[in-house]
Amino acid sequence: MIIVLRPEASEEVAKEILARIESLGLRPLCMPGTERVVLGALGDERVLAQLRLENHPMVEQVKPILSPYKLASRDAHPHDSVVQMGSLAIGGEAFAVIAGPCAVESYEQMKATAVRVKEAGAGGLRGGAFKPRTSPYAFQGLGLRGLEILEQVASEVGLPAATEVVESQDVGPVAARVACLQIGARNMQNFALLKAAGQSKRPVLLKRGMAAKLEDLLLAAEYILAEGNDQVILCERGIRTFETATRNTLDLNAVPFLKQRSHLPVLVDPSHGTGVRDLVIPMAKAAAACGADGVIVEVHENPREALSDGAQSLFPKDLDRLMRELRPLVAALGRTLS
Amino acid sequence: MIIVLRPEASEEVAKEILARIESLGLRPLCMPGTERVVLGALGDERVLAQLRLENHPMVEQVKPILSPYKLASRDAHPHDSVVQMGSLAIGGEAFAVIAGPCAVESYEQMKATAVRVKEAGAGGLRGGAFKPRTSPYAFQGLGLRGLEILEQVASEVGLPAATEVVESQDVGPVAARVACLQIGARNMQNFALLKAAGQSKRPVLLKRGMAAKLEDLLLAAEYILAEGNDQVILCERGIRTFETATRNTLDLNAVPFLKQRSHLPVLVDPSHGTGVRDLVIPMAKAAAACGADGVIVEVHENPREALSDGAQSLFPKDLDRLMRELRPLVAALGRTLS
Amino acid sequence: MIIVLRPEASEEVAKEILARIESLGLRPLCMPGTERVVLGALGDERVLAQLRLENHPMVEQVKPILSPYKLASRDAHPHDSVVQMGSLAIGGEAFAVIAGPCAVESYEQMKATAVRVKEAGAGGLRGGAFKPRTSPYAFQGLGLRGLEILEQVASEVGLPAATEVVESQDVGPVAARVACLQIGARNMQNFALLKAAGQSKRPVLLKRGMAAKLEDLLLAAEYILAEGNDQVILCERGIRTFETATRNTLDLNAVPFLKQRSHLPVLVDPSHGTGVRDLVIPMAKAAAACGADGVIVEVHENPREALSDGAQSLFPKDLDRLMRELRPLVAALGRTLS
Amino acid sequence: MIIVLRPEASEEVAKEILARIESLGLRPLCMPGTERVVLGALGDERVLAQLRLENHPMVEQVKPILSPYKLASRDAHPHDSVVQMGSLAIGGEAFAVIAGPCAVESYEQMKATAVRVKEAGAGGLRGGAFKPRTSPYAFQGLGLRGLEILEQVASEVGLPAATEVVESQDVGPVAARVACLQIGARNMQNFALLKAAGQSKRPVLLKRGMAAKLEDLLLAAEYILAEGNDQVILCERGIRTFETATRNTLDLNAVPFLKQRSHLPVLVDPSHGTGVRDLVIPMAKAAAACGADGVIVEVHENPREALSDGAQSLFPKDLDRLMRELRPLVAALGRTLS
């Protein structure tokens, strides 16, 4: 940790701070410059954080040096983690495709879509029972009934399913019925939910928040890991920027960055990341090319009638095309298509 | 609602869509142009949303005309709402100041700070018992014990208190102990929490999310209002932008915009909105000048030792100065200082 | 164009506006609703813009329907344009790679790097003579001397070269010496420069500004096209967002979006788009996968000593690896590597 | 400057870098930690920049400590600068109001508006002759003829005028005719233009770019100052964010931040900063309250007919109201209204 003092800070202030650093058993350093005094402190940044030096009126800025997450970091865990979502391995040699409707609307809709997902060759199923919606007047999902439909359909077609959980009290019931818990962008910093998911034994697909820096995402993963659940899958799904041509800006830089810093597998959601059906296939291919471990896409038996996110849902024939185009691409990248 | 068809859309598609609009009892309009056909539909936008025309493969874009919120809108409720947080009226002629530490750390710290808040002349007290923190290794608040301390101190100094609630199951206990529930930026779209707050009888101070458009904020308020709780206070607290000189970018444009579109009172949080102690007083004054109904600021008996957000906390003497400088300013604006 | 009136607008206002629309020879439409009157106007949006209805105090908002660019649009020009930068075709079946140092530093540096670019198999050379730098104290480029070096080296190694032009008065000298003019992100809305480039006969590589929407980029291209130069290459190079882990956020959504809306070829600059050497190769591959017509990357014979942007410059061996990894990838995409 | 090495960096690398730091006459520091080695270098950051340590493959990150601007900094110049724009002092005790149309459209329009500006009591006049416009089909200004009109009208009404300059070759003619050169947001990093303005003897009103950090703005000012022109006025005019309710997000945090870091006067442009007529007055007042030295606002004799930016232009009666409301406000702030 580097501590830059204000120009007007006295020598006493510098001594006081150096003494506080030493009192924690850390190594203090003093670098007096012509314009400002700069102090250093070496050791565990989390111990250093206890000093709360940023609060000091004579401190201009504090610059941490080491990343504040530890369990999510590749430093502590050099090899890639593989998370097993039922029969689907995420993070290994295979490139995973998880597909399904935004929301579970009925048994018939879910079954018809799931059959097409299975036929297309995707390895996992998605479908929302609890839908967080910007407007209170929009369709909010079927809730528990939707969860039951998803469980039944997943079992009938033989695909592991992922579904979103929006409240800590729902973690138990959801974990009992599906192979993977999903935490959505709006809840990425719902820390009570992260802790509850961390206490579950299910894999957790953690989506990046719309305004979350990659460090924030890794710290959110750290909440889950710190509770003892090491089955975390990171997911880039687009951030909010000034661009209005697309619903979000899919930040694919995140993929190689996260793979470099963390051992956790990384998925990409090109459906939310673009919000536009025609852009989903190209961006799914881009995700594969920059090193993602898979994609999660929205597909609906009949997008025209979808109760939510129809504008970004693929038609079943589009999913077939996505799989057909991904196959040679992932082969060229030295991977297989799960 | 305006519906722009793709250039390749046939006349049949236009007719089909017009028929669907009519089937909902709404008035359809057809505007054939040289490059594209544009359709219109007049009536309640929420009914129109059921058509989900954005899902249609021949629809290029859908442009809503009316705002999707209704109860929060000034259209439906032309006069300013005043929300009563205990003895403190928010939204009337008086300019409200709510102050206190980021977090309740102990009875001694809370009491000492609250006494200074009362002496400075502020009308409300703040203090966090449940703290949402980016890192799992940071101080997470005292929880229920913090809530009890806040209740006791508020009663002893005679100030109504606001505190953050982060889970729907905590709404009841918190509402029983403080005058105002606060929903933080990270939970602005935690819809389960919004609904629970809407079912409570307490005023709700709703903070804008870091990536929330003003329309999203009004829709979040609509969730609370739709549950029957009309005591909602909106709060601008800074959004996330590319600027790194300040912790957030305080969007004061939001104040006159929200006052124009909505009848709900609007507060500003210059502490989180800047993240820098030296900027809090100027921005609190700016908030008053552009029409905010008050400010909520962080003050700590000893910011150097604050367990969270010390860098943006005022010293008690700074709060005195803020009140001293606000007084002539709000008088010049034709208001009083609560 | 859709014109939404304020709730308080009278019938006279509506009539007045409809008459103005008609006076321009356009077709007016009136859609009276329960809460607001909505007007429509059909015809050339550029003629409609003359009405300046957004200025009217009784107009709440104006929503254009058609895109304001025309020459850049695929509507007017359905087939892909191919721009010939000397021997290198950009926009056809081949995927183009343009490489070279950020800045021309000396004949020796430029020659050594160009030889390696040629050996690696790239089809074009880049190198800056006029460098726009954020700080006045940073290296500003060799100017005219740099231009002469670039011309000589390009001729010696047999590669067409692109270089940035920063002032309209330099367009002539630069066009006389290199195969392609480059307009940088900071000058994307330097309209005098765009016009000067439009009057030149050289291809123009136009980079997206850091805060430019895709529509702004297409309008900037329109400036060049409107002057009679139809050899425009669009280039995505990252936008400025809240994320600080990378220098910019490379917006690859832009690639399929631009290819869909415009006939112009689209390149991607993963060097500026990430600012991090280790991310350049994965993002170049992602660019290919989502449909870009090529990439422009920074490579330096010795990045450690580069006078600018060394942190994002590839080593020559990295460029070899990029070409080696791109080859099977673009083959799987049905393209060849130029 | 702090240099963080990669975990895999050897001791030799650290020694090599320390020797390079020493070779420049600077003081090197070595801080070996458990996970990474951190190096320090003390002295002029601009000399340190020559080391280009960020290019080194074994360097993970470089953190500068001192600001890279010097002439613009308050460190070097503790007292507030006052810039004299003809008869109008900007930066002293008085709060300056500069008003006028977006564009000079004709002698009649300019004169009528200027008379109203003078009557309202504003101290300066604005009006654009060279208009940078996003679309090539929009009104581009009257050019030299507009400049002549502005000069004549300014002289007739007795107000100093500011006008935008968009090309370095126009700096001379513009400086000969008006009291203040304006550099617009789109040209804030047009470095050729900044240098030309720096060589002029006229005050320069420098607007912040839409994607410019405050440090970028101060470095742009540094370009002008470094050429020997110390009459620079900074201007906050809104940045581009995800919010679409307003044209830009006016970042008033910038005002106290810039006043603290720099001695240069700071104006605010609430017309571009909001893009909405109804928000201009409240935000002008907010600018005064947080310490701005004045505002520059758009006013048009007849905004309905304005050829550009009419939606954000005040009516003359609105300007009267602005002055009337500012007067008691700036008095309460201890200033006068110029």
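All chains are identified by letter, namely A, B, C and D, in their written order; residue positions are counted from 1 within each chain.
The rule is simple: contacts are C-beta pairs under 8 Å (C-beta built on N, C-alpha and C of every residue); 3 or more make two chains touch, one makes a residue touch a chain.
Quick caveat: nothing in here was measured; it's all calculated off a predicted structure.
In terms of the distance between Cα centroids, chain C is separated most widely from B.
Two copies of one sequence, chain A and chain B, touch each other mainly through matching residues, since over half of the numbers at the interface are common to both. Taking each chain's centre as the mean of its C-alpha atoms, chain A lies 38 Å from chain D.
Taking each chain's centre as the mean of its C-alpha atoms, chain C lies 26 Å from chain D.
Annotation: 31 Å between the Cα-based centres of chain A and chain C. Annotation for chain D: residues 211, 239-242, 244 touch two or more other chains. Contact residues on chain D toward chain A in their complex (touch as defined above): 2, 4, 7, 27, 29, 31-36, 38, 40, 42-43, 63, 65-66, 75, 240-242, 244.
Residue ranges of chain B in contact with chain A, taken from their complex: 46, 49, 52, 54-57, 68-69, 132-138, 140, 166-169, 186-187, 189-192, 209-211, 216, 219, 222-223, 226, 239-240, 277, 303-307, 310-311, 313, 315. Residue ranges on chain A touching chain C, taken from their complex, read 211, 213-215, 239, 241-246, 249-257, 260, 273-274, 276, 278-279, 282-283, 285-291, 328-329, 331-333.
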